[in-house]
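Chain IDs A, B and C follow the sequence of writing; residue 1 opens each chain.
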Amino acid sequence: MGSTQDTVDDLIKAGYEHGFVINIEQDTIPPGLDEDIIRRISAKKGEPEWMLEYRLKAYRHWLTMEPPRWAHLGLPEIDFQAISYYSAPKRRGEGPKSLDEVDPELIEAYNKLGIPLEEQKALAGVAVDAVLDSVSVATTFREKLAEAGVIFCSMSEAIREYPELVQKYLGSVVPHTDNYFACLNAAVFSDGTFVYIPEGVKCPMELSTYFRINEARTGQFERTLIVAEAGSQVSYLEGCTAPMRDENQLHAAVVELVAMEDAYIKYSTVQNWYPGDEQGRGGILNFVTKRGLCKGARSRISWTQVETGSAITWKYPSCILKGDDSVGEFYSVAVTRGRQQADTGTKMIHIGRNTRSTIVSKGISAGHGQNTYRGLVRMAARAENARNHSQCDSLLIGDKCGAHTFPYIEVRNPTAQVEHEATTSKLSEDQLFYCRSRGLSEEDAVSMLVNGFCKEVFQELPMEFAVEAQKLLNLTLEGAVG
Amino acid sequence: MTQAHQAQREWLQALLQGAPAAAGPEWLARMHAAARERLEQLPPIDRKQEAWRYTGIDTLLAERFVPPPHREADLAPEERAPLEGLETWRLVFVDGRFQPHLSALEGLPEGVIVGDLRSRETHRDNLLATSVAQASGHHAHLFTALNEALADEGAFIQVPAGTRLERPIEIVHRVTDASAPWLITPRNLVLLGERAEATLIERFSGRPGTRYFHDGLTDLVLGRAARLVHYRIQDESREAWHLSSLRLDQAAESRYEGCTFAFGARWSRTEQNTVFEARGAECHLAGVYLVGEGQLCDFHLDVRHEVPECRSSERYKGVLFGKGRAVFDGRILVAKDAQRTDAHLSNNNLMLVRDAEVDTKPQLEIYADDVQCSHGTSVGQLDPQQVFYLRSRGLPEVEARRLLCLGFASDLLEAVHDEALRHHVESRIRQTLVLEGG
Amino acid sequence: MTETKTPMLSIRNLHATVDGKEVLRGIDLDVGRGEVHAIMGPNGSGKSTLSYVLAGREGYEVTAGEILFEGRNLLEMDPEERAAAGIFLGFQYPVELPGVNNMTFLREAINAVRRARGEAEMDAVTFMKKVKAAAKQVGLKDTLLKRNVNVGFSGGEKKRNEILQMAMLEPKLAILDETDSGLDIDALRVIAEGVNALRSPERSFILITHYQRLLEYIVPDRVHVLAQGRILRSGDKALALELEEKGYGWLLGEEAVA
């Protein structure tokens, strides 16, 4: 009879599907970081002077900062001079204006990743911005979106085409001084996605960015900015993968969201960066700063994330609930196995009256994985009648992993209410046996129970991605339980 | 070194220089010397440290404390009276100094020692010297080290194996002298032998207007299957600073049940640290705190499960009825081998006024899989429906609110086994809750 | 055992331990096709252990003996293989599965069993029809079908849900472990009707029960008394009545003498 432990072990050893390298000629700036490199990045992208100034200001500030030390993360020393800060597929001329100009090799590679870039093959209703290493290589459905007045383009293009908007909002939610990696990003970011939804517009399709790290010894420093004007709505999804390599690679992104009155931004992430091998060699170091500002009254920002990849994940998608009656949400599933470490959570900063926030965090630890929820709920003095409810559950699979919960709750308003609950348990033998006695295989039973554990989060994902996320979770845990 | 750190150093040096060298036994001198050395090495306290994130010490550092002189002192009759209906063996300290003539130690069972740290009787066999030395060092910070650098008094309690005490032992600290800001540094040691059972009550209070820093350090050592029930009533002067640092050392199957009631002090902090290193032990920590105008009340709890099959709980409830601040930092750590651990942590707060603040941080750190662990936290208000209901039954609003606050804390109050003590605590809660309507 | 008719289930000299303690000490039992057997006995006699051993639960170690189910060695099979082979255990304490929808669970289970048997998966329409019918039969509210498995169900609802699963999975041998415990008389009747409706010449039952009460509604072919890990006596339904009257003491006394 196969024991629970065997199945667990099998699940733990599941492979990484997206580990191949795309063979394409790339234009890569040699490793190293100084003002010169930053000038070169800026020049390669044909940026205006103000952008270069912004980068240099950030870089000079970064030099004065200390790399963070976290008690619960075994963080390898990062040699910032050994990283290449710019790598892009060699292009003909200016860069692709339309999909016809995109290198067929690339289109093929993205097909292999399950992200068709040809519009006729694409998922109905989903527009994609594909980012390879440092640059955006293609953006689909632009005409259709333009008809609705929606701007969906690469950040490089936005800096050239919509400088007023970028200048107004870039760094307005995450200033370059925010933290070590956000500061580095401000200095060296190469590309990313810009989304602008005009007043009253409900974005006609799902928007998504697919991030891919390809080149060795590069870092990916993308920057995403989404601005939703009053009464507008948008649902945005990002997905990430990288080749299997023995060395760690750094991914230090910054995402800023701004929601005006009555606007609604739904931001979903399925993160499946290469997690490293069983011994913990290689894998992406995923240090991301994500923050949304609910600027207007009744605005709403919802973060949903399914984190299965990366050697180390360090991210806290947050909401600043400034507008009265604004709503912040955070739904998270984080899986760690092998030697993965995830330290994730959210900050809900309640400033406006009647602001509401919901936190649902599900951590699954298997193998030697370490999973930490770290979150802050702050009720400022004028956050009348603000409400928060947090639920953090941890599921342990095997006896070599860890699950940690570190909530910080700060309340300064006597009409605010905060509730936080957390539980830690292991996958129950009783439940597994019950399912198996009804004919389900052990693996199916585990997957059913784990999906049940994550249900509240999955149902927040757009339909197409909920299915993907479930598949990914099953794949990640394949052979991990029993 | 930053300016704040420099100020901290200077504050310490002034204190240490002002303290006369203790003319005590040799082990005491050794403890002082070791602690002074530790003070040199310990990092300064900083808001960037997790343990001090929400607890500023500026007001403490602004005060020039002095150690109180050794002297006999008296108490007014009402201060001297024991709690009504409560018969105890008592150790009384006035202004930080042990007062044998006010203490009540007659009729202690054979072999039980209740006395002062320095007295000849307790010092025999060098037992104390060893225990203190063993207990020192871990979880140290500036204030615990400061205690050991200066302490030359404190309670010493030893209950031999198999002895079950019928009456509680009481340690009473009372400050009466408002002429100087005293630094009171009791170093307490409580030893329970195998299967010994005892109840310990600590009461801290000061006359209105007295200013002092009670910087206490207590080691509680429980032998195999020993049981200690420990009540602490912190009712210090509203101008006082109070720090109690407690360390528990529990042998297999021992059980510790501790409950702190905090009413007083402008600044108070209770630290309680337990490491389970033997199977089958239990540690249950509870507390009720009332925070009024200008008060800061801080609890720092750390329970580490290093071995299988131990149980722990942390249950704390607070009412903020004035512009003050409550800090709760509770951690349960379950190490890799601590399977079949049962650990639960809760912190609930009622915030009744504007400009108050609650900062709470319940933490679970779990490295074993076969565990039952949970935590829950809440910050909220009285339910207006309930207030209305009581008023509609004829209760004045203030009384309705007071009643609901008592109801909020009732489960913890009911856990106080001794009826006289429970009655005392309840009436203190009633007196303390000066509630306004609305 | 006759030579012409092989029993569906054949247990020979079964010994089993739980946590190192011997609970079953030599069980012999044959259950023929279409038969209903009742196993009665005092608390701690090993009744639930027997049911778990039959269903293949981990932690129940068989130290001697054999179990043949339709000629196959049951002890070599995983729990899900046993389910596919046609064994169903109705749990004394049905397990809650948070987040797992009852319908989804049923459907997954049925199709897993059908796949294992080399049958086609049940189409959605047939499935829905069958579930509705079965739910009606066992008196389970439709709303409970949409909830998570057993989560927030009352004791009676959980037991009905077990019988519903049984009806859907169409086992060859159903072992009902104290299905009657904690039920009021109406619920008991509904469940008994559910079981009776499933009785057929091809389907056998083992009813594990502490009381004779259930057997008033489901009349057994054979009654066995299990105590101290052994079957002390077997008989027809009259034995159940005798037990009701006299309790178990006289049998235990007999054992002591023997």
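In this section, a contact is a pair of C-beta atoms (placed from the backbone, for glycine too) under 8 Å apart; a residue touches a chain by one contact, two chains touch by 3 or more.
If you're wondering where the values come from, they're calculated on a predicted model, not measured in any experiment.
If each chain is reduced to the average of its C-alpha atoms, the one that sits nearest the average of all protein C-alpha atoms is A. At the far end from chain A, in terms of centres built from Cα atoms, lies C. Distance from the chain A centre to the chain B centre is 44 Å, each centre being the mean of its Cα atoms.
Chain centres here are Cα means. That of chain B falls 57 Å from that of chain C. A separation of 49 Å divides the Cα centre of chain A from that of chain C.
Interface residues of chain C, counted against chain A in their complex, comprise 55-59, 77-80, 82-84, 88-89, 91, 94-100, 104-105, 108-110, 112-113, 116, 148, 165, 169. Listed in rising order, the residues of chain A touching chain B in the complex are 71, 379, 381, 394, 396-426. Of all the residues in chain B, the ones that touch chain A in their complex are 50, 54, 320, 336, 339, 349, 351-381.
Looking at the complex, you find that chain A touches chain C at residues 1-4, 428-431, 433-442, 444, 448-449, 451-456.
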